[in-house]
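What follows is chain A paired twice: with chain B in the first complex and chain C in the second.
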Partner chain A sequence: MQKDMIVASSLCVRFAQQTVLDKVNFNVGQGEVFALLGGNGAGKSTTLKTFLGTIAPLSGTATVMGMSVSKDIDSIRQKVAYLPESVMLYGHLTGIENIKYFLSLADIEKSAPDIEQALMRVALQKSAWCRPMSNYSKGMRQKTAIALALLREAPVLFLDEPTSGLDPNAIDEFNRLIATLAADGATVFMVTHDVYGACQVAHRIGLLDNGKIVGMFERKDQAHIDTEEVHAAFSARSQQ
Partner chain B sequence: MSVIQQVTRDEWRFWHRTKLAATIIIIGTLLTLVSGVVNTLEMQHASHEREHLQQSAQAQFLEQPDRHPHRMVHYGHYVFRTPSALSIIEPGVDAFTGTSIFLEGHKQNTAMFADQRQASGMTRFSSLTPSFLLQVLVPLFIILIGYASVTREKEAGTLNIMITQGINVWHLLLGKYFALVSSGLLMLLPLIVAAVWASINGESALITSSFVAGYILYILVWCGIVLAVSAVNQKNSASFAILVSLWIVLCILLPRIGSSSAAAIAPSPSKLEADFAVKAELRKLGDGHDASDPAFEQLKKNLLTKYNVDKVEDLPINFRGTVAQYSENKLTEILNQFAEKRMQEELEQAYIARQFGWLTPTTAIRSFSMLIAGTSLETHHRFLREAEKLRFDFVQSLNKVHQDNLSYEADANRNKNADATKAARVDAANWQVLSEFSFKPDTAQTRLLRSAIYALQLLFWCGLIVLLLRFAVRRIS
Partner chain C sequence: MSVFSNINREARFLVKQRYFFALLTIVLLLSVFSVWSGISETNTQLSTIERLQQKDAIDRANVLAKQSDYGSAAYYSFHLTYSAPSAMAFAAMGQRDIYPWKHRIRMLALEGQIYETDSDNPELSFLGRFDFAFLISVLLPLFVILLLHDLRSAEREAGRYDLLIATASKQQRLWLSRASVLCAALAIALLLPFVIGAIIMQAPLVSTLQVIAVTLGHILFWMLLTLWFTASKVAVKQSSAQIASVLLAVWLGVAVLVPVVSDIAIDEMVQSPNGGEIVLTQREGVNDAWDLPFADTWAPFIATHPQWKNNTEMSSQFEWKWYYAFQQVGDQKAAALSTAYRDATLEKNNLAQRFAYISPPMLAQKLLSSIAETDTLAAMKYEQKVRDYHQALRLFYYPLLFGAAELNEAQNNKTKVKKVAFDAKALSKLPSFSTFKNTIHTAKENI
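On to the complex of A and B.
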């Protein structure tokens, strides 16, 4: 049985008088790619921020690797990697310098060959490694951030709208990379409103609407989740 | 390497690569260095000139030929004060008061301010001295270097990554704080060199190290303010605008409001008003040049009784010289009363202005710096008192020569003809009445005690910074 790495159990979040998450339940197993899909204001980012410990839930529990976000957030943060929608890192540093710096902040020492190997694994072209990051495209910055996550040996990755702003080739490349990471045992939790992208890469998709999980889709025997089925459910919710 | 060290190192790398901060650090350091060097050269030149003038004034006084002793009273003498060694950095009130006084009979030619209402104004802007640079411009440089320390991480999203990576926010802020402090200390280097130079030139090591420590506290405070504001704001532009506004309020407005409030709370009469009041009192004393003035009738009677004679011509002493002594004594009492009152008023104003150190660290360091350097109002007042004592002693010594070494008859007839004038002279050997004037700085203990409360103000600001940073850490976390 797959070990549950991320679990939301009756998770409720309220801002002022507005309920943003209403008894949200899901679990993500080890090596699984889980996409939380929803329109604007559905509560995707709030769910992500709750797991990152920047928003406290009103009730319910959020656990990562068996640790409660409310109680063990510092330990959780040591083990997870987070890629924001716009990965900036440091423009004045090169890709390698960025990785070295962030590793040093996490008190992790890696050799130069290890770093090079991680960069090769995420397919960041070698000519970019020693260029200032201010010259990187979004896709290149994402690859660098994933290389960092690899080097940190983070078993859980949280991704916020990872494919927004990427060209189709970059999206395919990114999806392949995520699939490889999952195959190697990493657990990936992403929030997105990109139906097609989510169906391509995720093992399961949770459809979030008005703070509630209103649908759960998973791969059956196919290589991908059925895009039309998800799209139809997503559109139906959007029109309500 | 610890996380704090890593953050500090990266901050320096950022400054180096972005050029702007590096340029500001270089400009700041060069400016304080040049200002320190120029001020030192000026001080050395002034010191040589002072020494030369002191010797020349003394020699000229002593070289005066045989003459009437009262002419020597009016010939007068200059005294000069050697500024403290640390005045190369902190000229303090010397820039306003000067360091020399002309001493003569019947007058206190103070080196006081042109307008007494300016007394507390001495805590305001001054010229581009090293202390002005350190107290006013270095905070601005620190703002320019550090206003985006944290906001740029927020704008770039790197702060989020760091937090979700589990970095200790205190470590992050401390790393940035140490980087900012090290850039500030770099601009403090000329001060440290000057302090070492002052120690070599005889200044107490306790004083010079306290002086440097005061400025280090000031840098710590400003770096803390800059970092805390940057940490609690989301945008570079907001952080910059708030910090520049704070700089204007703390470095310019509040010190000025402090001195203006002092003048309003403890008003002192204008120079003209004070002069009129002194003149009115002096008129009651009579004219010391005129022995027949009714004001000296009682003195005359007492002397005639004491020596059992009928007229002043029969006295064994020159009555005119006695009158000069008596008159100078009374006049000095009145002048001293007014001078003490004026000094008290100035001190009261300065004290009120210095309390603004609880509201702005700039006033705190300014008060601390002047008191520790020995260039404060208190030191200047002591100079005035010591110079006045010298003046009184030498004038009275000449009046005594007038009384004892010149006959009344020759004195009274001195304007009859050339021979009589010649007869009313005393030997030039009598001019050896000048005591050597050597103004010593206050002891280290006195200066430390005087400045203790202002050191406390700086420590209070440091405490406030710790609270501010704690607040910032909570906000970020």
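On to the complex of A and C.
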């Protein structure tokens, strides 16, 4: 049986008088790619930020690798890598300098060849490595952040709209990379509103609407989750 | 990872930020200017004292050479008194801009000579001199706010905050390291010119270390306040500009509002005569004496100087002993007001000290003035030394004017007192202010 790496149990989050997450339950096993799908304002990013410890739940529990987000957030942060939707690293530092700085924040030391290997793995062109990041495109910044996540060798990855702004080739490369990481045992939790992308890469998809999980889809014997089925459910919710 | 590694990482990170260097350069230049301005003012005051000392000695020698009696010698000769700036005064001119630090006094009534002016530079007492103490007490908080107000919010606005705290093994360590590096660089920019200034002025090591401690303490206070506020739940929802506005409002409150309000409150709480009242009372006492019977002068004088009770006899309508006696009586009439004025000044100083506990900039300013010996107490010590020196002049001249030797001889022989013989050599023993030690009673005891 797969070990549960990420668990949400009756998770409730409220902002002022508004309920943003309403008794959300799900679990993500080791080596699994789980996509939380939903429209704008569904509560996807709130769910992710709750696991990162930047939003405190009103009730319920969020655990990562068996550790409670409310109690052990520092320990959890050492085990997870996070890829924000819009990667904004330090513009006055080069790609390599940014990676070194963030690795140092995580108390991780990597050799220059290791960093170069990670940058090659995410297909960031070599000419950009030593240029200030203020000159990077969104896709290049995204790749740098993915390289950072790879270098952290974190057993759990939290991805926020990871393919947003990437060109189709980069999306394919990214999906392949995620599949490889999962095959190597990494647990991936991503939030997205990209139905097609989620179906391509995820083992399971949770459909979130108005702070509630309203549908769960999973690969059965097929290579991908049925896009049409998920799309139909997503559209139906959007029209309500 | 060690604290040193965190500091090292943040230092290397900040070294590449141009705005940081631009701000530090401005701070360094301001510090250099404040130290230069303080050294320049200190040297001006020292050279003024040196020049006046030379002229004072020459002038007195010329005047005394022309005199043929002790009364005229006392009347026409001036004596320079001064309070030389300490070696640390360059860092904090303090009350030297307000209270006089030099007087040329004569053996006439003293109160009028001391309180001819209440303050030297009322415009400076309002604005404050741009010295190192002003930089540390008033401007330093602004530098800390400028550097730290957007520590978190800038990251939030740039979209890096979540990535940073999700990556940092201990997020508090990240902010603390970054703030520490920024404040350490600020401290170096502020203190480097000061330390060089202290070496140039040969300031005592203990005072130098005390000024450094006050500076670091003030930086630490504003650093912790800014860190606390930027980490608060209120600040999470605010932009960098809003956070800066709140912190600037706090600065305005404690650096400007509290001192101004406390100044008004202290003036209301402590009633004090002004210098003009003291001068007027003393001068009326002196001027009235010309029109009053001699006995009206001798009675209050003898009450305080009973040793001369047998020598008040007047052989003409004017005698110097009578003249100086009514000068003394003029001071005695103003003594109550003068004491009240000094007591009020002390009380105001004590209250200001208490108000300073709710205003760190005010506290820093007071501590720096105290270390530099330019505070109110130092000004009062100088005033007391002037009083003691003036008293020493009276103690020197009274026996010559009243004829102590002649009086003893007359009492022994049961004859009348002869006229006092003038001997110019006696004046060589006039007390000198530059070598005068408060032998009568120390200023400290009085204060």
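The rule is short, and it goes like this: the second predicted complex is superposed on the first by the 240 of 240 C-alpha atoms of A that agree within 3 Å, B and C clash if a C-alpha of one lies under 4 Å from a C-alpha of the other, contacts with A are read in each partner's own complex, and residues count from 1 in each chain.
We adopt the following convention: a contact is a pair of C-beta atoms (placed from the backbone, for glycine too) under 8 Å apart; a residue touches a chain by one contact, two chains touch by 3 or more.
Source: prediction; values computed, not measured.
Once chain A is used to superpose the two complexes, chain B occupies space that clashes with chain C. Contact with neither chain B nor chain C is seen for A:F15 once the two complexes are overlaid on the shared chain.
In the three-chain superposition model, chain A touches both chain B and chain C at residues 52-54, 74, 77-78, 80-82, 84, 86-90, 92-93, 101-102, 104-107, 145, 152, 158. By the touch rule above, chain A contacts chain C in their complex via residues 49, 52-54, 74, 77-78, 80-82, 84, 86-90, 92-93, 101-102, 104-107, 145, 148, 152, 158. Residue ranges of chain A in contact with chain B, taken from their complex: 52-54, 74, 76-78, 80-82, 84, 86-93, 101-102, 104-107, 145, 152, 158. Of all residues in chain B, only 1, 3, 6-7, 10, 13-14, 17-18, 156-158, 160-167 touch chain A in the complex they form. In the complex of the two chains, the chain C residues touching chain A come out as 1, 5, 9, 13, 16-18, 158-171, 174.
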